[in-house]
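Two complexes, one shared chain (chain A), two partners (chain B, chain C).
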Partner chain A sequence: MAERPEDLNLPNAVITRIIKEALPDGVNISKEARSAISRAASVFVLYATSCANNFAMKGKRKTLNAGDVLSAMEEMEFQRFVAPLKESLEVYRHEQKGKKEARKDKDKKTDSEEQDKSREEDNDEDDERMEEEEQNEEEEVDN
Partner chain B sequence: MAAPRLSGTENRLVSLPLSRIRVIMKSSPEVSSINQDALFLTAKATELFVQYLATYSYKHGRGKEKNALTYTDLSHTAEECETFQFLADILPKKILASKYLKMLEKEKRDGEVREDDEGEEEEDEDKAVGDSVGS
Partner chain C sequence: MAAAAVPGPGPGPGPGPGPGPGPGPGPGPGPGPGPGPAEAAAPGEDAAGGGPQGPGAARLARLPLARVKALVKADPDVTLASQEAVFVLARATELFVETIAKDAYVYAQQGKRKTLQRKDLDNAIDAIDEFAFLEGTLD
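What follows is the complex of A and B.
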């Protein structure tokens, strides 16, 4: 698979911002240092992916999942990342769930606009359906 | 119900673009597919890694400048800290060009001395080489 060299690099502006926020105010970062950290970050992604993939293969899975990445962090001696990563994952999943529900609500609104005539009859049915969907989503998250 | 905010650039959950992280991950030949959570975690882990590498190198840097993070600080980290040793090849120590040239010369001389040991008949030639190396 051929990629242009730039594609395997991470955006300079973002890397610089992350570094600046991590270091105390007023500390300068040489251009060389910035470029080196960016390269190191790309290598980190490759190393983490390879490691996570080993865990997936052990589990006879073809898709890398969250557990594989967390196991990879421990294997790579970055256990310190595991707790903050788990926290972030919770927030991310919550956000994704929120987006999904927003999309569903949007679909429902367009539907109800079309069905104005029969809305009175359908109200009770809609409420029941919404409850069922929420229960289904909770089950997904627990997995 | 407001979602809890975590520390990060501009209160965003992750700043590194997931699409780019995905490209890098997929460049790995054995990888077939990546679940969305795994992609997110890899991006977030990379951010944590950048923060860790930068702060560690700054703290342990033996560079002369105290208010700067230099390449030397980073290559020291790669060489001396076991956790970052996987970076040693891409963050080699820098040496002065003059030192490197001296190293090359020394290697060349060492190579010639070894050749001398092999040949017994060509004594005169060996002597000549030995003389020029000594000078």
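What follows is the complex of A and C.
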């Protein structure tokens, strides 16, 4: 039984909470509107994934990384998301590092996995640097 | 770039967003508190973690990463996605939901309603370029 991708919905409760926090107090949302937004969110993920995957393929990588997703946001004309997303990513990375260190103390068998993860992080940093360099090139061209 | 692990409000919306006196957020990550389509205050953004947060608890994804990952895997062209990628996608989706809700609400206000309806969403999708990818997908 094949599920269409659009049928994979995100949890209603969370979607509703996000909507309510985005809107002023006292504003309601109809069931139809909420379910349409939920569906839109799923479509958004699918579209963003596809976009991000293009960037990964351009970089000859088989693994989507955070930089690819950020590039996808710009491509999709959601540049205003990029700054807050970068912030969130910083926080997330800190947390992951903390967890990793706790795990390291417990067992050292997963050394190879950790190396892979830190390689991914390095790649992300490289991508960010690359993006900055590209911007510089554009500025020179304009001059 | 100094990691913003120092306790404090961080460079976001809220008290004294500008450079101003005080600890000074330092390497301000970009032009201030990203205004976005709606009002700049948007205290809701800070409450992403739910109320007063300790350093680092802010802006964690509320959407379950497993579900987001399921959507990512639904794409036949995608081989693998890093954990970070899934996280950023989840966060981006939350921002997207906030954005589209606010933009649709403008139309409800025009209709002097306090309830967001499906047609408000349709209007927003028709009017706003960034939502063009949604056309035809919500039926």
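Things worth noting here:
Here is the rule we use: the second predicted complex is superposed on the first by the 97 of 143 C-alpha atoms of A that agree within 3 Å, B and C clash if a C-alpha of one lies under 4 Å from a C-alpha of the other, contacts with A are read in each partner's own complex, and residues count from 1 in each chain.
Following the convention adopted for this analysis, a residue touches a chain if its C-beta (ideal position, glycine included) is under 8 Å from a C-beta of that chain, and two chains touch if they have at least 3 such contacts.
Note that the structure is predicted; figures quoted are calculated from it, not measured.
Aligning the shared chain A places chain B and chain C in steric conflict. In the superposition on chain A, contact is made by A:Met73 with both chain B and chain C.
When the two complexes are overlaid on their common chain A, residue A:Leu85 makes contact with chain B and with chain C alike.
Once chain A of one complex is fitted onto chain A of the other, the partner contacts of A:Asn28 extend to both chain B and chain C. Once the two complexes are overlaid on the shared chain, A:Asn65 sits against chain B and chain C alike.
Across the two superposed structures, the residue set of chain A contacted by chain B and also by chain C is 8, 10-11, 14-15, 17-19, 21-23, 26-30, 32-33, 36-37, 39-50, 52-53, 57, 62-66, 68-70, 73, 76-78, 80-81, 84-85, 87-89, 91-96.
For chain C in complex with chain A, the touching residues are 3-5, 10-12, 29-31, 34-37, 44-45, 47, 56, 58-64, 67-68, 70-72, 74-75, 77-85, 87-89, 91-102, 104-105, 108, 114-118, 120-121, 129-131, 133-134, 137-138. Across the complex, chain A meets chain C through its residues 5-6, 8, 10-11, 14-15, 17-19, 21-23, 26-30, 32-33, 36-37, 39-50, 52-53, 57, 62-66, 68-70, 73, 76-78, 80-81, 83-96, 117, 120-121, 124. By the touch criterion given at the top, residues 1, 3, 7-8, 10-11, 14-15, 17-19, 21-23, 26-30, 32-33, 36-37, 39-50, 52-53, 57, 62-66, 68-70, 73, 76-78, 80-81, 84-85, 87-89, 91-96, 98 of chain A touch chain B in their complex. Taken together, the chain B residues at the contact with chain A in this complex read 3-4, 6, 9, 13-17, 20-21, 23-38, 40-42, 44-55, 58, 65, 67-71, 73-75, 82-83, 86-87, 90-91.
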